[in-house]
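First chain A sits with chain B, and in the next complex the same chain sits with chain C.
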Partner chain A sequence: MTNLLPHMSGRKFAVIALIGTAVLLALPYFLPPYYLGLVIKMMIFALFAMSLDLLLGYTGMASLGHAAYFGMAAYVTGLLALKLGWSVWLTLPAGILMAALTALLLGLLALRTRGSYFLMITLALSQVVWGIAFGWRSLTGGDDGLPEVPRPNLPLPWSMADSTPFYYFVLFFVVVGTLLLVRIVSSPFGCALRGIRESETRMLALGYNVWRYKLAVFVLAAAFAGLAGCLYVFNNRFVSPDYIHVARSAEVLLMVILGGAGTLIGPALGAAAIVLLENIISTYTERWLMILGFVYVLVALFTPNGLTGLIESLRKRRSGP
Partner chain B sequence: MMFWVIQTLNGISFGMLLFLLASGLSLIYGLMKILNLTHGSFYLLGGYIGLAVVHLTGSLLLAVLVGSLSIALLGALMERFLLRRFHLQELPQTLLTFGFLFIFSDLAIVIWGGNPQTMPKPAMFSESVQFGAFFYPSYRLFIIGFGFAIAGLLWWMQEGTRVGAMLRAGVDDEETARALGINVSLLFTMVFALGAFLAALGGVMGGPIMGVYPGADFEVMLLGFVVVIIGGLGSLKGALAGGLIVGLLDNFGKVFFPEFALFTIFAPMALILAVRPAGLFGRE
Partner chain C sequence: MRSLIAVTVALAAFGTLAKPAFSQEPIKIGVMFPYTGPISAQGRPERDAIKQAFDEENNTIAGRKIELLYEDSTGRPDTGLTKIKALVERDKVHLLLSELVSSIGAAVAPYVNEQKMPWISTVALASLTRAQKSPYIFRFVPSSYQYATTAAEVAKKMGWKKVYFIGWNAPPSRESYEAVKKVFGEENVVDAMFPNVGTSDYAPYLTKMDTSKADGVFTAMWGADAPRIVQQYVEYGLNKKMPLFGIASFTSEELLGDMPAASVGVLSAYTYCGTLDTAENKKFVEGYQSRYKAVPGSYQYMGYMAAKMVIQAIKDINGKVEDREAFIAALGKVKVKGPMGETSFDEQHGMVADFYVLTVEKGSNGQLQNRCGERIPQVKDPYASFP
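Entry: the complex of A and B
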């Protein structure tokens, strides 16, 4: 558990997690619906960023095509809900399953490479998925996307069209997803992933089938990205090829690095920070893209280890050698 | 028959523009292992600057020179002052080059607006040429010839000159090249500038047939990556072959399967990745 934040004991983490959950549970009583919507978006992107961190931070595989799985799940869930009227208990697993299957197929191609070549291959392969969403107009609506995807209809007295019940719906899945991710990274499987990150050859020498571990984590990460994509399509009630665009893949990479790869809490905070920043800046200027561009450059120049890394190095400096 | 000839020539001329773009991408990756996501911006900014020069002076030759040389300078500055700090660190490099893609993309909209623009053709090539019964725009033929000329020039530079020998040494074994007294750092800046120059050249030359428009930076960057994946990274031959293959696939795909035009490019790419992960001419 200690690797959620470096140098944090299990008990300390449990206390923080409890307080965090309590705050999130109580939020609808404090926040007006508009801000609640913002928090929903933050939570969804936090889950998305944590899913990429499984690859980038824990296994050392930098993917520049992670939005392919987010978008694939969003399209599958959206189409099944919109055209066939399936219930959320079918559309959500179907979306996640399709994301995982896509990752299995593309992973077989991408995993033959590493480093910057892996970045490029994952980028190019995500474009294949984007190309299908963009080109197959009769099914996906092309670049107009799919409007009016219905929110889930649950056998509960509250309508998911209202922001408070939907907030709890998203919170439930994000918490479940996070707990599963915590479980994965602290399991023997997670230890093996960190071993691969540190030295692939050593893991091979120890008898680990590195390739199989990499494929497994590639598919797993895609499944969690898929869950985030499903939640996002319900939130927006809309899906378009933008969900899959390389700009989104790069954005989630930025979130992970900004927060600090290799911790789960870091990418979640990084995601929240970017979503918040976009929201604030977009209200003042139309030049959000340019400012986001500068954020990329500044993160590359000044926080290569992310905010959690920055905190860590400050703490080290304070306590002295 | 006429249809096939015309469509093939269209594909080849587009392929030549892709070659200009991809050769720089490939050279940069081959030497420095940098995945340059700003490459599409070099193409687009080159086009816009060329356009501005045409509007100011009316000279297309000047447009080509100013457009490509100013972008070469921009590339040199980016390499010297930013990318150099992150040698062989792919994540900061990716963030940097992607950040500049956004910055330049938005800057172009601020300066030149959001409407697509077209570069005029040079007067010499504004007509169509006639071969027996059919006509073909002479500008596209000029691009094909120009592309092959640049390919020849690059090949000669790489194989026949001292700088080319240094470049090949740097690609093969950077450390040994440094130990032998080759100024690899200078080589890095030069190659990055050359790549930016070639991309901008493609942007200006392509202006009359492709137009200059917001979003072209993303489009050509992605096509450029497909070209180098198919052809093989770090290989000039690969960039030429890949450019022609993707140019033809793109053109015939749009003609025959408009709904899946992109797929006709990506499916062969996936196939090549499965069979030859290093690309057609790449080294394993």
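Entry: the complex of A and C
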């Protein structure tokens, strides 16, 4: 579990996780619906950012096209729910599967490169997906997207159209997703990924099939991004090409960097911070982009390891050298 | 002591009873437009014009203060939806006077309908008064079918028989093309071309156009792309043989500053003409110029007039905006005489307004301006041709 936050004992982590879960479970009882909606958005983007961190932080592959899988899953889920009226138990796996398949296909191309070339080719491939969503008007609605996607209809006494039951719906999937991610990064597979990040050639020498590992993590990361995309469609009840746009890929990359790559809790914090800043500051000033820019610059200058790095260094200072 | 308390309580109770409950609180209006991002060049001026309209009423209507609450939609649909939720659920606005981006309009419409929140939009999305129509949604801007059908009919009356069409690869241009096809017949459209938004070089498209084959060219693109295509159209000398007819706000006043001098003669047909000589237009243009040091165009006009419609509806129900059903009923019936003549909403809540045939000309100060030609009175959204 040390990968969640570096230098944290298992017991301490368990306590923090328990408190966190308790707070999240209790939130609907003291937050008004609008703010609950913001928390839902934060959780979805937290999952999305954590999925990218699997690539960026753990395997050392900077992808600038991660929104392609988020958006692909969103479109598949939205289309199946809207046009065929499928239930959530079919649309959700279908969305995730489609994201993973797309990643498998695009990964075969993208993984032939590394470093900044990998960044460029993931960007280009995600633009292809965006172009399809934008251009195929009869299926995707083009620029206007697909409005009026229904919320999931579960055999429960509560309607998912209300924010509290929907909050718990999202919370369930985000928690399950997070636990799976924790399991992945602390498994031998996760160790191999970190090995690849540190030295690909050494892993090759040790007999690991690096390329296969990279493809596997690329597909896995896309699947989790797909889960986030599915949840986002249900939250907004529409999907548009904007979900796949390169600006969204860049945004989620910034979330990971702001929070601290290479930890799972960092990207989640980064996602929460950016969603909050975007929605709260912009109410007060039109210059909110400038403020956000300053935050990025300050983080890059003073806490190169992101928010988690900041927390760590504060903790170290307090406990003495 | 006890009696003193009783008196105080009685007085306090009387105090709350004496004042009518609704007149104390201000009327809160949510004003969300893109203030940042690529479409902020249209969003900010439109908001400014809305402010102007309420300032002209001293921000008090039917004895109640008006409070405008601003949110930045950033031009992105998911952000726009979150911001609309903030206005409705957090700020508890009484009505929304918001947005011009069609993808945001499509995303917001189901939510607004569910919340039964009166929303006056300036989103030119045809579906807002069709598939997505709602008693609570009003579209104060012509739909794509409405403005393109009008443009095509004007050109047909001018004697055009064969035409070219060039427009963005985007919904409003595609829908404009549908309208042009309907008016002229598909066999009379020599070629239709759909370059992407932000294309910098139109040579591949313009060189395909044969001046002997058509009487004119329709173009449906806006923003920075409009001056660019005019520039290249003139450079190729096409304007001497085939007139260019811009659809909707193609020659809007705020774009004329970027148009080349040779664009004199470019045609369009739309609901706003800056040089129209009416007292209301003079008040609007001079008021806007003195506040914001710029010439208002069609976006400002839509914002200004949409606000005027809201103001009249609030007056008609004597400020009781808490009664949403009464408010939307009043708004549906409102007729306001504005800078360009009378405007109102049709039975599906689309805009009904006079259109004008516009021709770009050189003004007395050497700047380009629109000459106001024939008035086409009270144009309605063509629901029968485009259900």
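Note that in this section the second predicted complex is superposed on the first by the 293 of 321 C-alpha atoms of A that agree within 3 Å, B and C clash if a C-alpha of one lies under 4 Å from a C-alpha of the other, contacts with A are read in each partner's own complex, and residues count from 1 in each chain.
The rule is simple: contacts are C-beta pairs under 8 Å (C-beta built on N, C-alpha and C of every residue); 3 or more make two chains touch, one makes a residue touch a chain.
What you are looking at is a predicted structure, and each value in this text was computed from that prediction instead of being measured.
Participant: A:278 in the overlay: touching chain B, chain C, both, or neither? Say first, second, both or neither.
Facilitator: second
Participant: May I ask you to decide whether A:254 touches chain B, chain C, both, or neither, giving the answer as first, second, both or neither?
Facilitator: first
Participant: A:62 in the overlay: touching chain B, chain C, both, or neither? Say first, second, both or neither.
Facilitator: first
Participant: I'd like to know which partner A:295 touches here: chain B for first, chain C for second, both or neither.
Facilitator: A:295: touches chain B, not chain C.
Participant: Give the label of whichever partner, chain B or chain C, reaches more residues of chain A.
Facilitator: B
Participant: Which holds for A:119: it touches chain B only (first), chain C only (second), both, or neither?
Facilitator: Only chain B is touched by A:119; chain C is not.
Participant: Which holds for A:135: it touches chain B only (first), chain C only (second), both, or neither?
Facilitator: In the superposition, A:135 contacts both chain B and chain C.
Participant: Would you sort A:32 into first (chain B), second (chain C), both or neither based on which partner it touches?
Facilitator: Only chain C is touched by A:32; chain B is not.
Participant: So which bits of chain A does chain B touch that chain C touches too?
Facilitator: After superposing on chain A, chain A residues 134-135, 137, 247, 289 contact both chain B and chain C.
Participant: Any idea which chain A residues touch chain B in the complex?
Facilitator: Checking each residue of chain A against chain B gives 62, 64, 108-109, 112-113, 115-117, 119-121, 123-125, 127-128, 130-132, 134-138, 246-247, 250, 253-254, 257, 287, 289-290, 292-297, 299-301, 304.
Participant: Taking the touch rule as given, give the residues of chain B at its contact with chain A in the complex, in rising order.
Facilitator: The touching residues are 29, 33-35, 37, 82, 85-86, 89-96, 98-107, 110, 218, 222, 225-226, 228-229, 233, 259-263, 266-267, 269-270, 273-274, 277.
Participant: Enumerate the contact residues on chain C facing chain A in the complex.
Facilitator: Answer in residue numbers: 35-36, 71-72, 74, 76-79, 81-83, 85-86, 89-90, 102-103, 106-107, 109-111, 114, 125, 127, 132, 169-171, 174.
Participant: Taking the touch rule as given, give the residues of chain A at its contact with chain C in the complex, in rising order.
Facilitator: 32-35, 37-38, 41, 134-135, 137, 141-145, 147-148, 161, 232, 236-238, 240, 242-243, 247, 278-279, 282-283, 286, 288-289
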